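Here the chain labels run A, B, C and D in written order, and each chain numbers its own residues starting at 1.
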Amino acid sequence: MAASLGFRGAASGLWYWSGRRRPVGSLAAVCSRSMASKTPVGFIGLGNMGNPMAKNLMKHGYPLILYDVFPDVCKEFKEAGEQVASSPAEVAEKADRIITMLPSSMNAVEVYSGANGILKKVKKGSLLIDSSTMILQFQKNGKRSEKMGAVFMDAPVSGGVGAARSGNLTFMVGGVEDEFAAAQELLECMGSNVVYCGAVGTGQSAQICNNMLLAISMIGTAEAMNLGIRSGLDPKLLAKILNMSSGRCWSSDTYNPVPGFMHGVPSSNNYQGGFGTTLMAKDLGLAQDSATSTKTPILLGSLAHQIYRMMCSKGYSKKDFSSVFQYLREEEPF
Amino acid sequence: MAASLGFRGAASGLWYWSGRRRPVGSLAAVCSRSMASKTPVGFIGLGNMGNPMAKNLMKHGYPLILYDVFPDVCKEFKEAGEQVASSPAEVAEKADRIITMLPSSMNAVEVYSGANGILKKVKKGSLLIDSSTMILQFQKNGKRSEKMGAVFMDAPVSGGVGAARSGNLTFMVGGVEDEFAAAQELLECMGSNVVYCGAVGTGQSAQICNNMLLAISMIGTAEAMNLGIRSGLDPKLLAKILNMSSGRCWSSDTYNPVPGFMHGVPSSNNYQGGFGTTLMAKDLGLAQDSATSTKTPILLGSLAHQIYRMMCSKGYSKKDFSSVFQYLREEEPF
Amino acid sequence: MAASLGFRGAASGLWYWSGRRRPVGSLAAVCSRSMASKTPVGFIGLGNMGNPMAKNLMKHGYPLILYDVFPDVCKEFKEAGEQVASSPAEVAEKADRIITMLPSSMNAVEVYSGANGILKKVKKGSLLIDSSTMILQFQKNGKRSEKMGAVFMDAPVSGGVGAARSGNLTFMVGGVEDEFAAAQELLECMGSNVVYCGAVGTGQSAQICNNMLLAISMIGTAEAMNLGIRSGLDPKLLAKILNMSSGRCWSSDTYNPVPGFMHGVPSSNNYQGGFGTTLMAKDLGLAQDSATSTKTPILLGSLAHQIYRMMCSKGYSKKDFSSVFQYLREEEPF
Amino acid sequence: MAASLGFRGAASGLWYWSGRRRPVGSLAAVCSRSMASKTPVGFIGLGNMGNPMAKNLMKHGYPLILYDVFPDVCKEFKEAGEQVASSPAEVAEKADRIITMLPSSMNAVEVYSGANGILKKVKKGSLLIDSSTMILQFQKNGKRSEKMGAVFMDAPVSGGVGAARSGNLTFMVGGVEDEFAAAQELLECMGSNVVYCGAVGTGQSAQICNNMLLAISMIGTAEAMNLGIRSGLDPKLLAKILNMSSGRCWSSDTYNPVPGFMHGVPSSNNYQGGFGTTLMAKDLGLAQDSATSTKTPILLGSLAHQIYRMMCSKGYSKKDFSSVFQYLREEEPF
């Protein structure tokens, strides 16, 4: 990903929502309702994901205070009349609700606790919402924010760049329940589903559980399809049977890993695009950590982790995670 | 299972169809259309599954020639005017379409190749449809039937006793395509989905693939739900999130293994009823065999097999297979 | 393996015995002791393994009646004065102790139950010793032999071609205990360890258990060595530490899979020679079958099976099974 | 473990060394050689392991400066004339070689970096040797020590309480090579094997690799023994066969998990004593972390981790880790 994009959004969710999508037109209504009294919102991290998210806040009438390590990516916002700050600390000085969308734990440390970080100038009662995907950092930033009298929430996001643009992201939110409404008001400008999950960190936990189950059912689908094909079944027919049956899952009915019979999915595009094998391996590492700290047995989750780790070392690291079908399939007769 | 039930149907499918169910009333229409010229159909094995299946054939106006090793189970059919034969051979003499629904390979050997078996008297061109679940026997009975000039099809059934009663079973059919229409005519009296899968044995293969994927996604769901709960998430909320997301599967949205928030599923009834752990272990053994003979790697399928085998030895053998959640959950703090 | 070798011995054992080896010279003593009264011994299957085994019987003074599907391989025995038969049946007519060393189940069926098979002419009380590796066939041939009044034993062999030549094979013998002494007399001409295991089939079972444990500890050694090396440890030092410690195993101290510091093992010869990955995958399939039929949970054994199956499809099929280290190692940074 | 024991030694090693044991008598020689010029050695943590280790240093003539959070455990040392300090900082002031033997990461943080920790008063050039088992803390304490001008080494210990008493422990040492001799001088008073492994942390890595391989081969042995027994083999005979063969490992020949035929091992004492399942699960968690950070695939290691985690929740947490045989064995017929 080009450096000029600034902070990239950590879009490691790949959630496709079956729910109602935001209807065209409702936006105007929402905007007009609350345009009057809007206080500025801070937004830090204007990468692939953050950029369209910030624009959706603008559309809803929120004045923005922006920051990104790459000043270039703030240009178009400046031209549109928004304020650009010179540091996260300055954002914290000028806004009492701040959203961060950062690519890595290291960035999160710097943005929150760095020499010019948010926590240097954060005001009491400010609301800090982190939509990145960094489990350990959440805890630390949460505690440090609390010490400063601020309110911290984790709100990892699902849905990819397309959903970010159309305002159809999903947010899983962890934090103090009393403050949820304040966060929801902002997040609903950017997403069609905003789910309250519980204490700080639970938003992240929900995402990790989903991605672990996703990895397991994707590998399972690949194994079952491969076994069926080798037993003489037509893949399209087999998928149809599974999808009418108890084997049905998102990986079989929406994102089938077998090339050639489903349109618009990575398997039909040489496993390009989508959710990379490396990212899945990373998320399964988080699941592993979480399972170890809670003493939870995850037999299949743990093996799925190892399988994606193997794939990363065999040339699949940049392919979509559904390429596990190809990995299992590449057989020579013996 | 009580001996008086005679042959039990091998209902190891647990397919729940999302498709259109047979509307009440359509039955009459179907019956009247074809009542006129119906030739008798043989039916061997009148257990839990076979009994209601045979009744559905009757409702559609087919005269039956029945046989079961336990003569008692034929009584009610006799009283309703159907013929009861004294052996499978006699059935083969009197009917040229025969359906078998048998509980084990041993029964299948006897019924087909025994001293008074079908193949002793089968007529050239007869159609033999076996709805049992016995992979190896299919091949043998298929070949022997062919030698005798008969047509053999495997048509394993999915949907359980309820679906057998309501005529909403699903049949996955393997056999010569030209003869499929003839089988379909009968099977549609008993099921709402009749899917042609390919050559003899492919019906069975499709069912095995489905059940393997089912086992994998059920264990995966149990692991993910358990991990989430231990991380502080409410189970009902977590299920809702998964079901809106890419982790969604039949095991999470229709048959959730966590007790307490979904009605009418075994998990809310102390894991009674449903599809037993022992049967799932057996089906995974068939998947293992099939994978070995086709050299297919099934890493998760193979581990799922071992997990269900462990459960069978820890007191879960008669519980529904979703009790894997309980198996993983039963933790003492340490 | 060249077709001209005739039946290949099924040397899928790879047992290296730490015990006392047959001292040079002892042979003469053994020979002189029993030379006088020796009755002919039948030997069927003169491949890589069978050829040197038969020669060791000759050295001990046993007249042989030989058979192989490839008559050429019998030539040198004929020139040395031994009888060559035209079929297994003829061997059975002329010898009342017969050893078979066959490469596959199909060969075993033909040799025992074929049109000119042993069982056509076997004499009552004859002793049939099968040193091949074919679990199911053992049972069948055992039963059929018994029906004919003959005694059947399975005596799978371990130690490879080198051990076959030097008369240092190990035999694990299953069969009626009363007849063990008769088998032992012959087997000790070819092996330095002849272990009585129990009823027919237990020789085979012992070999399967050993090979399953071998596969598990080999993969475990490869994982541990790889993890250590990636953590900055010198491989030779790590091996030394393991071998002084509780992680010690045959795979770490005698057959280390890491290239470069142990001489005379496949890992130092680009994984050439040794015991092929395909054969290991086959033996693990037998373990899987055995576990399924005895309802034994084999979690690691089952996963080891899948790992060797994957390797077979990734170009490792002809390499030694210790190449699993290379398979795990081939990592690109990511 | 009773609180009065003070710091418990983190004896998670279970290494049994085949090497030469310290001969009786050599002790005197060592002592006299260096008695003259001995400077005091600091020792922090006098639990099960630390207590006999410190005593062995005393026997070799080293004056000690002792500390434990539970002052009672220092009494007998005080009575024997050794100095007891009131904090780790005081130890650091008075000694320039300090050995720490602590039960958990939390203790290590406090002892090194706490308000009265070692690093408050450590002298330039001091040698700090940590024999605990806490992978992450090693790195941090190492770096902090270095900042203060001190030299840090990790020297995890193997061999259990018996070996601690007899001075037959093994130390795997990680740290700057130039300083190894200084550490070795002390460690050889307490152990018969002192192995230099490389940079800081490699001592710990070696121990983790060993224990992971140990877990894998123990489970593998349990599976193979169980499979053999269920196939009709006598366990003692099977163990003998494995131990003569390529399946041989420490778990099969020295610590066999099957009760009844090997003396002095936990399996013959209802799995009491030995190395607890919980500790093995903990060490496998460290292996998992290490594998994740080095991107090493550990398929069997990862599954072994989950198996020991399952066992912890099924009442095996306090049994010896060889009880995995019992866990797999507890089968009801089905």
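Just so it is clear, a contact is a pair of C-beta atoms (placed from the backbone, for glycine too) under 8 Å apart; a residue touches a chain by one contact, two chains touch by 3 or more.
According to UniProt, the chain labels map to these proteins: A, B, C, D = 3-hydroxyisobutyrate dehydrogenase.
On a predicted model such as this, the values are computed, not experimentally measured, just so you know.
Shared contact partners of chain A and chain D, listed by label: B, C.
Of the two chain pairs examined here, C-D and B-C, it is C-D that is joined by more C-beta pairs in contact. As a whole-number value, the distance joining the C-alpha centres of chain C and chain D reads 41 Å. Centroids built from CA atoms put chain C at 55 Å from chain A.
As a whole-number value, the distance joining the C-alpha centres of chain B and chain C reads 42 Å.
Chain B has residues 295-299, 303, 310, 312-313, 328, 331, 334 in contact with two or more other chains.
On the chain B side of its complex with chain A, the touching residues are 14-19, 158, 170, 172, 193, 195, 197-199, 201-202, 205-206, 208-214, 216-217, 219-221, 223-228, 230-234, 237-238, 240-242, 244-252, 254-255, 287, 290-291, 294-301, 303-304, 307, 328, 331, 334. Those residues of chain A whose C-beta lies close enough to touch chain D in the complex are 285, 288-289, 292, 295-299, 302-303, 305-306, 309-310, 312-313. Within the complex formed with chain D, the chain B residues making contact are 278, 303, 310, 312-315, 317, 328, 330-332, 334.
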